[in-house]
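In what follows, chain A forms one complex with chain B and a second complex with chain C.
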Partner chain A sequence: MINAERRRSMAERRPSTLNRSSFSAERKSSIAVVPHLAGIEDPLPETTPDTVDVVLVGTGLVESILAAALSWQGSSVLQIDSNSYYGDTSATLTIDQLKQWVQDVNKSNLKCYENAKLHISSNIGRGLYKSREFGIDLSPKILFAKSDLLSILLKSRVHQYLEFQSLSNFHTYENDSFERLTNTKQEIFTNPSLPLMTKRNLMKFIKFVLNWETQAEVWEMYRDKPVAAFLVDKFKLEKAQVYELIFSIGLCYNIDVKTPEALQRIRRYLTSFDVYGPFPVLYSKYGGPGELSQGFCRSAAVAGATYKLNESLVSYDPDTKIAIFGDGSKVGVTEKVVIAPTQCPENSRNVPKQKYEVQRLTCVVDKPCSEWFGEGEYSSVVVFPPNSLKSGNRQAVQALIMGAGSDVCPTGTSVWYLTSTESGPRGEMDLDAALGALEESIMRESSADIENDEGIMEVDNSGHMTLNSVKLGQSFKEYIPREKLQILVKLYFKQLTSTPPFEVVDSSIFDINEPVGSELKKLIPGASDNGVLYTPLPSAEISYDEAITAARMLFQKIVGSDDDFFDLDFDDEDEQIDESAVVDDDEDDKMNMTLDVEMSVEPVDFAGEMEI
Partner chain B sequence: MSSRKKNILKVIILGDSGVGKTSLMHRYVSDKFSQQYKATIGADFLTKEVTMDGDKVATMQVWDTAGQERFQSLGVAFYRGADCCVLVYDVTNAKSFENIKSWRDEFLVHANVSSPDSFPFVILGNKLDVEESKKVVSNRAAQDMAKSLGNIPLFLTSAKGSINVDTAFEEIARNALQQSQADADAFEDDFNDAINIQLDGEPSSCNC
Partner chain C sequence: MHGIKRRELTQELLRKKRARDAEKITTYRTLTERVLTSKARGYYTPDELEITTRLLELNPEFNAVWNYRRDAILTLKEQLRSDFWVNELKFTTRQLQAYPKVYWIWNHRLWCLNEYPGSPIERWQLELALVNKLLSMDARNFHSWHYRKIVVKRLEQMSRKNLNQQELDYTTEKINANISNFSAWHQRASLLPKMFAMGQIPDEKSFINRELQYIINAMFTDAEDQSVWYYIKWFVRSDCIVSKLNTEEYKNLLQQIKNGILLINEDEKDFSGKENMWCLKLLCVLETIQIAQLKLDIVPKRSEYLDKLIKFDPLRQNRYRYLAQRP
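Moving on to the complex of A and B:
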């Protein structure tokens, strides 16, 4: 009954692709959207297929999204990774895996990473904590509630493999203290520290930014100018608000960010707010892009893709269209070979230039850091705007704090991910300064002395005791912590990328082997990677916004159009819902409705609204 | 690792390619309980209401390997939060029988279960319907193996002939339920805090 009616693949359903020469008629008849029922049919072969449409090298997020998109579109996909785990540049690693990774970087076995330094406390080695209790992201990301990736997660049903938690606390570091972001209409109105005029200007700006593109007359003159000037000139906002808008809400790295880019980023936050509740951002439990990569790979596998970890590409010959792998096996490629720069074969000559630096400092500390989280939450973002640190930072430093409740570290600890786009030694200095500032703050805040200070505790109008952040900030300056923070893991590294800060993906990297006119671009003799496509490495961007764009561009390069990019509807599900609803008609049948409801557990309360 | 979601039992089926993992889960879910199954397309996971003594107690999700086991390429996320692990071999394939132990070890390495010694496994020897001459794994050898791995329950099944499949999955469900309750007790203060991102009017367009 299950597969009596096999769902036709996209390629089968779309007559438009029938005439495409690249999709051979032979393949048409053998497209397996539904994987073989092992055991009913013959067992799957123990070798890789003889021919596939696309070979993907690396299982980072972009490659994995691409694998799922291509597989559901009807292409046959072989995806490999030279590591024993999924994720590549997006991986979530245990401590043992991290040790190996750092060694690989420093032995130059791992391209596009430099200068990795790892310190691990003996408390982990001695068995107080186990290596696999940790899930450390190589490129931590947060997911805006209104974003292209989130739509794709739903469409592809990859969200079923994942668990999401909310993140509502965004702090801006200024004058040695953290101010939590005033980000809702209510908070703007009720915040006693904001003068009336500022409130009015801020509301005016928020109203504008939600439809900023349609009001070119307001910002046209500032198209190529920094947004700070625009906010001050046009909306009379003051420095504190300007900084919050640019760095905490917009999550920009630099004060010079151009007006349109910044407006887009500010709106991203505001429109994401209250989609699922009073927070703009979600993240996946157990690790970020590493989890998502695995979800998309599983989805691709369900759609028929073949997976092989511990496998590397040796070379690809664009004339014979044969790819050769590390174990000596070969595969014919009808469409394209797509490679992550980190996993390019030896003798590669076509890897795009990785001109930009992303510097990261990742620490696991023995503090839960719940002081920084919203109620019932396990994560927050802390932004250090330019010039707020002792290092005199020119670029902002962004910190993502993950608590044990997100299941990336043991109870009592938390993970601090610090990121800077500053290049060279300055970047490392900025990161160290930001770490110092975080350390000082958490030692003060988690100290018992604070709670005994009556001036700091306030009773709000609902009778709850709250901490007064202004007074907290003042008392921080005088407070000298008695104990020292214990750092369990400290990892510093530099990652290179072709994506400039603030820009999504530099599409020119996909054109390297493109034909110029009717002439094939000259191939480099002896190169092992002629005719392949390279994927972009993750940028410093804290959100997932670039991943779908990159995967979609590559999809279009391979398939010829992006019409079929996750053009999925699982309409078969609806009938079954009705069916089961009839059968299990008891009071407690909430569980029977749909998978999605089953997965939902407890919907969050929609506390504040933000209609403007 | 804490239990995944309240009232959802995650069961994963492991074993060599071609032993009949997918067909076993389809036989179980679609045959006897055909009115209740909710299949995803492809071999993803199937869900079924679990009843004990006539009362519905939980929803069981049976996860297929989706073919990723072929080159030992199952990711850690697949194993996460499992409440019971089913190990399948083919009675006509000695290699698949020998690999049962490796699959169990593989599971324990990746799943990060709180107490590996008491975690429930169930072994299924599938393809019982084939003629005697083709069977290469003796019942005795299977029993010895099950015993040596810590008295794991063993069932000889046929997905094709519908032999013993329901009995085996009843045992699997019972074990999964026990494990899930034990986990829930151990993590009492663990919140069920996952957010449902599937809204009625799902976010349709992207503004980024």
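Moving on to the complex of A and C:
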């Protein structure tokens, strides 16, 4: 099943034989052996098991997290995917795979996707760039430093298969310019353009929101009201700050978002800041959810799950509890069959309604876009609040920019992921307008004129700061670019989902086919999917939060409780590491006269010790 | 403990842990006994020196052992290897990495630098780099700040170059990074009088004005932070500042701060229904200067502020009562 055009898989980049640990001998011996995954490194298994506890159809992120959780809990799992690659709706694809994918969508082979349009420049494939130099995510995501998924990645040790990079630059698009967020105490203090009272109000809000739940007296009255009203009434914040908080920090799509939901989202950002460093968010190198799905599949395989690609479910009979597959094989199921709606069998009648739209516009452009990235970083988030675009957008448009340093595209290019929750043709118009704004901005910011313009801030010798020029962006409002941006790849598509935008996964979709009271719900005669559970498809949510919530809910449905959801403890090795790390005999050799080296020996441990 | 998972120890693991601990305790006791015996006998050999290393790695707080180590080093001075001092410094660096707040390690490091053959300036420059590194890891470790002062003073003596400006910039950098840095504000307050006295501040009045905007900015950013309030209290009464201003300018400066504080306090009342205690305390300070020193004809509110403080901050009520009795 090896396809010459695919990207190097995670397992190839990090083969199981390679021991990445260099801390201590104890650790080396205790690292779990990671098997290759069928379909990627190994040929597909000749036979499938006779019976399993759970059959999972689809290798999207939710199904893969679930596979790992169930396998470690002790259930036997068979996970299949009708595609030749892992990831399904979370996949990371090469340009050639993307071409095939678009054809499949338009032949209606792929349910839940519509209206896919792909433009590819002749520079790809023929010379300048190769198809597999790109890894395009179907549903790009970012990972908050303090989040459920991150703690599960650590607990399950799936993080060892992955590489993470930080993302600290969040921009809000306003008045034709990109404002970088002012969100830390340091930035608020040193920002010379913020009025004093605004500084105070912002700081007051930030202190409040970190413990907002325990201060009901402050927000109770606004429980059912939009958060914008709360921020203006209670904290006297100005529009610019309100928009930053709701759209860039909270990453909400709509100004009407309710106070508690928005506070939760704003806090998510702020508590994530400085957990691993001065940034709130991480992402996995080489591709987002596609990498994570593979990581969880690998982890599930370690715990005994069986994998088959290019395999589809034909039907499941809840009476005999037998699942039949595309190759004619059968398997007995003791617990449940769980299906991604994209991979439901023919004659399905029970697929939950996918009534919400996510519209995406993904572009690869021939600009590195490093202007938008933080120092030493390769990605950023740009948010277009409602009404900030020429299209008069009613909802926010979010853009995730990934540079070549994240290894999803070749040097000199970058990938722009634009997402909108607006439905119908308006959605496409908003995405186009946002693309235009990004294009205009990068053309003038990367033009040579600006390169001579050193710093905008002047700091005198006692540290007092003065602003010596107007803000970047604004000063070039009149600038007309001499060259045009080259768009190498442009992909539109609409994805449907059962999850409403920016709300938690709706658990009612899991109740289909469940007994109501004592009576079994009537099975639909002739349906091929009676008695199965369906997973929710990704929504427009930019974080991974919903995926982990969905996986946990499904786990609880299948196992009966979520007590064992990744209740893993690989920690016994750590204790020995700690002790051997305290006095390391090799340390003397590593110690060098140059201070940098001297001080950088295990900086993480050191930093931890210093925090008192 | 912060961020450290509590682990349910199984019986088996518990036994193993106890066995490991027992072994450690035995080692520690054996080492302690040997060192203390040698110390009592005034017995110094390279082997004994090596034993103190092992013991101090287990317990860096054992100052008697550090003292013995120094005696041993001085006694053995002539037979030490040429790289001894470099290694000794490396040893304390390692110790500081693990225990950045142990006095005796800092003390020993300083002793090493002074005893270091020739004690060259390059060595002290490296030392400043080390302190920078330590302060970048924990900007509020007062041990590091104290040590920094000593190192800077030595560098100044050796190079005959004054480093006040560099050090002032350093405090700005640290305060900008985190305004709740008491050590940095304190260091700033000790540098400024020296700099004024030495004529190192070119345009004094405009400097004072910018410093005023800086602290007003700080109190608006975080009115809960006491290090800022302490600094303001110092700033408005510091001779090096006050002596540079004429009465009108001084009045003006006080009033600017007072206006800011009143605004913050009003806002606090609006928001939480409570007044800000630091605002009230500073208002007392400012009013005292305005009335007692500048003889301004303003309505005194000091006793009103103190009454509120007694109510809001009952733990210090006697202090406020005492202040209220004082004119």
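Structural remarks
Simple rule for what comes next: the second predicted complex is superposed on the first by the 507 of 612 C-alpha atoms of A that agree within 3 Å, B and C clash if a C-alpha of one lies under 4 Å from a C-alpha of the other, contacts with A are read in each partner's own complex, and residues count from 1 in each chain.
Methods note: contacts are C-beta pairs under 8 Å (C-beta built on N, C-alpha and C of every residue); 3 or more make two chains touch, one makes a residue touch a chain.
On a predicted model such as this, the values are computed, not experimentally measured, just so you know.
Of the two partner chains placed around the shared chain by superposition, chain C is the only one that A:197 touches, whereas chain B remains out of contact.
In the superposed model, A:291 lies in contact with chain B only, and not with chain C.
Of the two partner chains, chain B is the only one touched by A:144; chain C is not. In the superposition on chain A, contact of A:157 is made with chain B only, not with chain C. Put chain B and chain C next to each other and count what each touches on chain A; the higher total goes to B. Shared contact residues of chain A with chain B and chain C: 572, 579, 583, 588, 591, 595-596, 598-599, 601, 603. On the side of chain A, the complex with chain B involves touching residues 1-2, 7, 33-40, 42-44, 46, 48, 85-86, 132-133, 144-148, 150-151, 153-154, 157, 159, 161, 163-166, 264, 267-268, 271, 275-277, 282, 285-286, 291, 294-295, 297-298, 301-304, 306-311, 376, 405, 407, 545, 570, 572-573, 576-577, 579-580, 583-584, 586, 588, 591-592, 594-604. Here chain A touches chain C in the complex through residues 185-186, 188-190, 196-197, 199-200, 203-204, 207, 234, 460-464, 569, 571-572, 575, 579, 582-583, 587-588, 591, 593, 595-596, 598-599, 601, 603, 606-607, 609-612, going by the rule given at the top.
On chain C, the positions that touch chain A within their shared complex are 2, 5, 7, 13, 17, 20, 57, 86, 90, 93-94, 97-101, 126, 129-130, 133-134, 137-138, 141, 165, 168-169, 172-173, 175-179, 207, 210-211, 213-214, 216-218, 220-224, 260, 263-264, 267, 271. Of all residues in chain B, only 1-2, 4-8, 17-24, 26, 29-30, 34-44, 47, 49, 56, 59, 66-68, 70-73, 75-78, 80, 90, 112, 126-127, 159-160, 191-199, 202-208 touch chain A in the complex they form.
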